[in-house]
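Naming follows writing order (A, B, C, D, E and F), and every chain is counted from residue 1.
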Amino acid sequence: MQEALKRVEIVLEALALPAALEIITKAGATGYTVIPQAWGRGARGERTDLGFSEVMRNALIIVIAPAGVAERITAGMSPLLADYAGILTVANVESCVGLVPGDTL
Amino acid sequence: MQGLLATAGENLVSPAILFFALGVVAGLVRSELAVPKELTAGLSLYLLLAIGFRGGAELAREGVSLAFLAAALAGLVLGLIVLPGVAFAALRKLGRVDPVNAGAIAAHYGSISVVTFATASTFLARAGVPHEGFMTAIMALMEAPGVLGGILLARMSGHQKPAEPGRIGAALRETLLGTAPTLLLGSLAIGALTGGKGMELMAPFLVDPFQGVLSVFLLDMGLTAGRRLGDFARMGRFLIFFGIAMPVLAGILGVLVARVVSLSVGGATLFAVLAASASYIAAPAAVRLALPQARPDLAITLSLGITFPFNILLGIPLYFALAHRIIQG
Amino acid sequence: MQGLLATAGENLVSPAILFFALGVVAGLVRSELAVPKELTAGLSLYLLLAIGFRGGAELAREGVSLAFLAAALAGLVLGLIVLPGVAFAALRKLGRVDPVNAGAIAAHYGSISVVTFATASTFLARAGVPHEGFMTAIMALMEAPGVLGGILLARMSGHQKPAEPGRIGAALRETLLGTAPTLLLGSLAIGALTGGKGMELMAPFLVDPFQGVLSVFLLDMGLTAGRRLGDFARMGRFLIFFGIAMPVLAGILGVLVARVVSLSVGGATLFAVLAASASYIAAPAAVRLALPQARPDLAITLSLGITFPFNILLGIPLYFALAHRIIQG
Amino acid sequence: MQEALKRVEIVLEALALPAALEIITKAGATGYTVIPQAWGRGARGERTDLGFSEVMRNALIIVIAPAGVAERITAGMSPLLADYAGILTVANVESCVGLVPGDTL
Amino acid sequence: MQEALKRVEIVLEALALPAALEIITKAGATGYTVIPQAWGRGARGERTDLGFSEVMRNALIIVIAPAGVAERITAGMSPLLADYAGILTVANVESCVGLVPGDTL
Amino acid sequence: MQGLLATAGENLVSPAILFFALGVVAGLVRSELAVPKELTAGLSLYLLLAIGFRGGAELAREGVSLAFLAAALAGLVLGLIVLPGVAFAALRKLGRVDPVNAGAIAAHYGSISVVTFATASTFLARAGVPHEGFMTAIMALMEAPGVLGGILLARMSGHQKPAEPGRIGAALRETLLGTAPTLLLGSLAIGALTGGKGMELMAPFLVDPFQGVLSVFLLDMGLTAGRRLGDFARMGRFLIFFGIAMPVLAGILGVLVARVVSLSVGGATLFAVLAASASYIAAPAAVRLALPQARPDLAITLSLGITFPFNILLGIPLYFALAHRIIQG
C-alpha cells in the first residue's frame, strides 16, 4: 500500500526561507511551493512587509509529501521555528495529481 | 548664527521633509494611505543606485587622494569599533538592555542611513555649502563595519546560545552581498568608470527627479514611522532617550574626528551625519540572521521611528552648525 | 465655432487620449496586455501627489480670495446636495433602480474624478486657455461631500438593513482618511507651503513626466474599461443612458453655477468637469463600506466604463464650448 | 487531553479585513496570517484587484486555532460573510509546531 | 444528507490558468480563488517569476466544492497537469460558510 | 578600423552595459540584490512603450517609402522562414536536439529582442551613425513571424502529440495579442498619429530617462542571467556554441540582406541585430502554449543567458563593423 500523503504548510519569516527549503529538501520532499507575500500576527507581534527590508515579511510554504517525509520536515523545522517567526501545520491529503514520487530534489 | 537658524528653518519647509511629516501624521491618524511594498522596494533601489552612481562620478572627477584614505580609515574605525562600542555600553550599563538586543541595536547605530545622508546632501546643496566628492564612497564603506561590530559585541557577551555557524555565514553574506551594499558599491564603481560622460546620459533619470523620488520615499517612511509611534510607549523611556542622545553624541564625535582628518565644513557635516545616523535598510536583515533572539522591531522602531526623524528635522542643521563652528571658527 | 471643433478634434489625437483608446481596444479583443496592479496603485499615487502639489503651488501664488471661497461654497453645495440628489432621483424615478444601488451610484456622481480633471487641465493648457489657480483646491474639497450625500440618500430611503454603527464609522473614515483625500489634501498643503521654490525642486519629477505617466494610467484605465464593456449588455439600457445624460446635465449645471460665482472660461470648464465627472478612485471603497448591499461593479462600470470615456473624449470639449458661449458670449 | 486544532481559511474582500481580524482576535485566536493578493469568482461574479481602488481585491486569511476558537470565528464571521464577498472553511490539523496556545492577542 | 465538501488546491503554471479555470467551471464549481504569485520546485526544476514573461510564474487555485465536483475537477485537470507544471490535492472540509450551492458559474 | 575598435571599447563602458555586468556578477556570487517582479514587468512595459512611440514618431516624419516596404518584406521572409529554418536544421542535425525543443528554440531565434535593438540604437547614437527611421517598425513586424515559424517546424516534424486545437489558438492569440506585440504596435501607431507634437509632450517621460530605465532593466536581466549561468553546465557544449554561432551567422545574413534592400550602414547594423537577436520577452509564452513538451528554461537560458550578453557586449560592434565594410566599403 502507498504511504499516506500529507500537506505541510509553513508560515515563516522570509529571511529564514533558504534554511527552511534546505531542511525540506533534505527531508526528501520532491517539491515545494512558496507564496512570497504574507503578513500576520503571532507571539512576536505584528509582522508586515516594510518594503525596504525583508526583515518583517512572512511567506507561506506548501509541501505535499508522504507521511514520513512530512514527519522529518516537522522535526527539522522545530529548532528553526524556535528562533524565527512562524507556524507549521500538517494535514491529510485525500488524493493528489502531479506528484512525482520517486524523484527527490 | 542667524543664518544658521534660517537654514535650519528652511530645511523644515523643504518638500521632502514635509512629505515625511505628512506620512507621520497620516500614519498617526490611521489614514488608509499606503505605498505598495513592491514600490517601496523599487524606490529604495532607485535611491541606492542614484546615490552610488553620483558618488562614483564625483570620485572619478576628484581621483583617490590621501584625504580620502584618511577619512575612510577614520570612518572604518568609528563604524567598526567606536560607535557600536559606545552604543552597546550605553544600552547595557545605562539602559540595562540584555546583551543580544544591545548588540542588535548597536549594529544599527554603527552602520549608516543612506537616506539621511541623501537628505543632508540636499541640505548642503540648498545652503550652497560644498563638500568633498568622496563622501559617498566613505558612506558606502561605513555600511558594513558597524553591523559587524554590533553583532560581534552581542556574541562576545556570551549570554547567547552557541552560534550556529550557518547563521553567522548567512549574516556575513547579507552584510556584504545584501541588496544595499551590492547596489551602492556597484553603482559607485559604474559611476566612477563612466565618469562625466556616463553622468550626462544618466542625469535625467538619476539627478533631475531625485528630490521627487526622495519625497515619495520619505512619505512612505513617515507612514511606517507614524504607525509605529504607538510602540514607543511600550519601549520604555530609556530607549527613546537613547534614540536622540546617541545621534547627538555620535554627531559631535563625527565632527571632531572630521576635524582631525581635515574635512571641509560640508564634509564634516556629512561625516557627522554618517556617525549619527542609524541604518534601517541594510542592517536589520543581517542582524536578524545573526541574532535571531533579538527583537527586530525594537531596533527598527528606534532607528526609523526616533533617530531618523530627529536627524532629518533637527540633527542635520545641528551637525552643520557644529561643523561650522569647530572647523571654520 | 470652427476653432472649438478643431480644439475638440485635437483633443482626440493627444497621446493620453489615444493610449486610453488603445487600452479599450486591447481590452475588447482580450489582449494579454496588463499593468501590474501594484504599478497601477503607484501611478495613481503619483497622479494624486502631482496634481495636489501643483494645485497647492498655484494656490500659494494667488492667495486665498473671495472668488475662491465663493467657488468652494458653490462646489460644496453642488457636490453634497444637488448632484447626488439629481442622480438619485433620476435613478429611482426614471430607472426604477433600488434605493441602495441608486444611492451608491449617486455617491460616485456627486464626487469628482481626479483624472478627468487632469485631462481637462491638459486640454485647456494645449488650447492656451488660462484658469483660476484655485481650481485644484476646489476639486480636493469636492471629493468627499458627494460620497456622503449619496450614502445619506440611500440610508434615508429606509429600505436598508438597520445600520451597523461600526460600518458607518469605517465609511466616514474612508471618505476623509482614504488614500485619495489624504494624498490630495496633503500634497496641496505641501505645495502651498513650499510655493515656487518647492515647485522648482519637484518639477522634474512632478511636471515634466506628467503627460507620460497620465498616458500609462489611461492605458490601464482603458484596459479595465474595455474588459468591462461586456458588462454593459447586462446593465440595461437606462443605466447606459444615465452614464451619458448625467454628466451632460451636470456639466450644464456646472457652467451655469460657475457663471454665478464669476469664474473665467477656463475655470468654468473645470468646474463643469468636476460636476460632470464621476469618482472611481475614492468613492468605491467608502460606498462599499457604508452600503454593502449595493453592487460595487455597477457603479464602477458606469463611472469608469461610460462616463469617464464620454467625458475625456467628448465631454471636456463640450463643457468648454458651453463655458465659452455662456461666460464669454 | 488537548483540544483538537483546526485550520480556518477565509477568502474575503480586502475592505472587510479589519472587521474580520477583529472578530478573529475576539474569538480568542493567538495569531493569523493574511495573504493580501487574491482574485476569484463566486456568487457576486468576478472580483479582481483594480489597483486604483481596494474595492474588488480579495485576500486570504489563515487561522490555526483550537476547535472552540474556530467555532467562535465561524459564528462571528457569518454575518460579515452575508454582507461582504467571501467564503470560510474549517479543516482538521493533524499536528502543529509554533503555536503558542495560552497567549491570546 | 448533504454531499461532503472538498477543498481542491492546485499549484499551476500561470499560462495554463485560463484552461484550468474553464475545466473547473465546466466541472460545476460555483466559485474559485486564485493567488497569483507563487514560485517553487518540482519535477520540472525551479520555477520563479521572471517579471518580463509569464512563462515561469506559478499560481495557486483554491476551489471549495462538493465531492462530486472535486472528482470531476481532478479528472479534468489530469491531462493538463501532464503537459504543464503543477500539482493538485484534494482535502476534506469540515464546515463551510458562504458557499452558494445551487448556482454554478 | 581603429575607430571601430574604439567604438566597441566605448560600448563596453556605457552605463547600461556596465549595469548588466553588475547584475551578472551579483547573480553569480548570489547577492541578495533583486528587483521586485512587478517592477521588472513595469520596466519592460515602459521600454516597449517608449521604443514603439519613438519608432512611430520617426515613421511619421519619414512617411512610408518603398525602401521601408522592401526592408519589411526582407525582414518577414528572414524571420518567418530563413532564421527559424537555419536554427532548426542546426539544432536537429548538428546538435541532435529533439524536434520539439529544436522548434521551440528556433522560434526564439526567429523572433527579435526589443532590448538588444534598443541597446544597438543607443550604440549608433553614441557613435553618431544615423539610420532609417522605419527600423523600429521593421522590428515590430519581425516579432511574431519567427515565433510562428519555429512552432510550425516543431509541429511539422510530427513527433509531437496530436495538437489540441485550443492550445494552438491560445498560442496564436499570444503571438498577436500578447503584451509585447500589443504595446509595441499600439505605441507605434500612437507615435505615428501624434507625430512631432506628441513627441514633444512625451519626451520628458519617454526619451530623457530612457537610458536610466534601460540600465535598471539590464541590471535585472544580468541578475537573471547570472543566476542561470550554473545551468550552462547541464546544457551541453553544443547549445552554448549554438548560442554564439547562431547570432553571428544571422548577423552576417542580416547585413547581406540589408545590402540587397539598400539600407544605410546604421540601418544594416540594426537589421543585423534584429536577425541576430533572440526573443526572451515575447516568444517564451507563445511557445510554451503551443509546445508544452518543450522545456521553457532551455530556450530562455540560451537567448537571455548566452545570446543576449554576446550581442550587447560583442555582437553589436561586430555587426556594425561588418555593415561598415560591406555597405560603405
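Going forward, a residue touches a chain if its C-beta (ideal position, glycine included) is under 8 Å from a C-beta of that chain, and two chains touch if they have at least 3 such contacts.
Treat the numbers as computed from the prediction; the structure is a model and nothing was measured.
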item	value
Steps needed, at fewest, to go from chain D to chain F via touching chains	2
Partner chains that chain A and chain F have in common	B, E
Type of chain B:chain F copy interface by residue overlap (half), same or different	different
Chain D and chain E: spacing of chain centres that average the CA atoms, whole Å	20
Distance from chain E to chain B - Cα centre to Cα centre, in angstrom	46
For chain C paired with chain F, centre-to-centre distance based on mean C-alpha positions, whole Å	41
Multi-chain contact sites of chain C, meaning residues that touch two or more partners	32, 35-36, 38-39, 41, 208-209, 285
Chain E residues counted as touching two or more neighbouring chains	35, 37, 54, 91-92
Which chain pairs touch, all of them	A-B, A-D, A-E, B-C, B-F, C-D, C-F, D-E, E-F
Touch list for chain D against partner chain C, complex	13, 15, 18-19, 37, 44-45, 49-56, 83-84
List of chain E residues in touch with chain A within their complex	6, 9, 11, 35, 37-43, 58, 60, 74, 77-78, 81, 86-92
Residue ranges of chain C in contact with chain F within the complex	13-15, 18-19, 22, 25-26, 29-36, 38-39, 208-213, 215-216
Residues on chain E engaged by chain D in the complex (per definition of touch)	5, 7, 30-37, 62, 64, 91-100, 103, 105
Chain B-touching residues of chain C, taken from the complex the two chains share	36, 38-39, 41-42, 45-46, 49, 53, 173-174, 177-179, 182-183, 186-187, 189-190, 193-194, 198, 201-202, 204-206, 208-209, 285
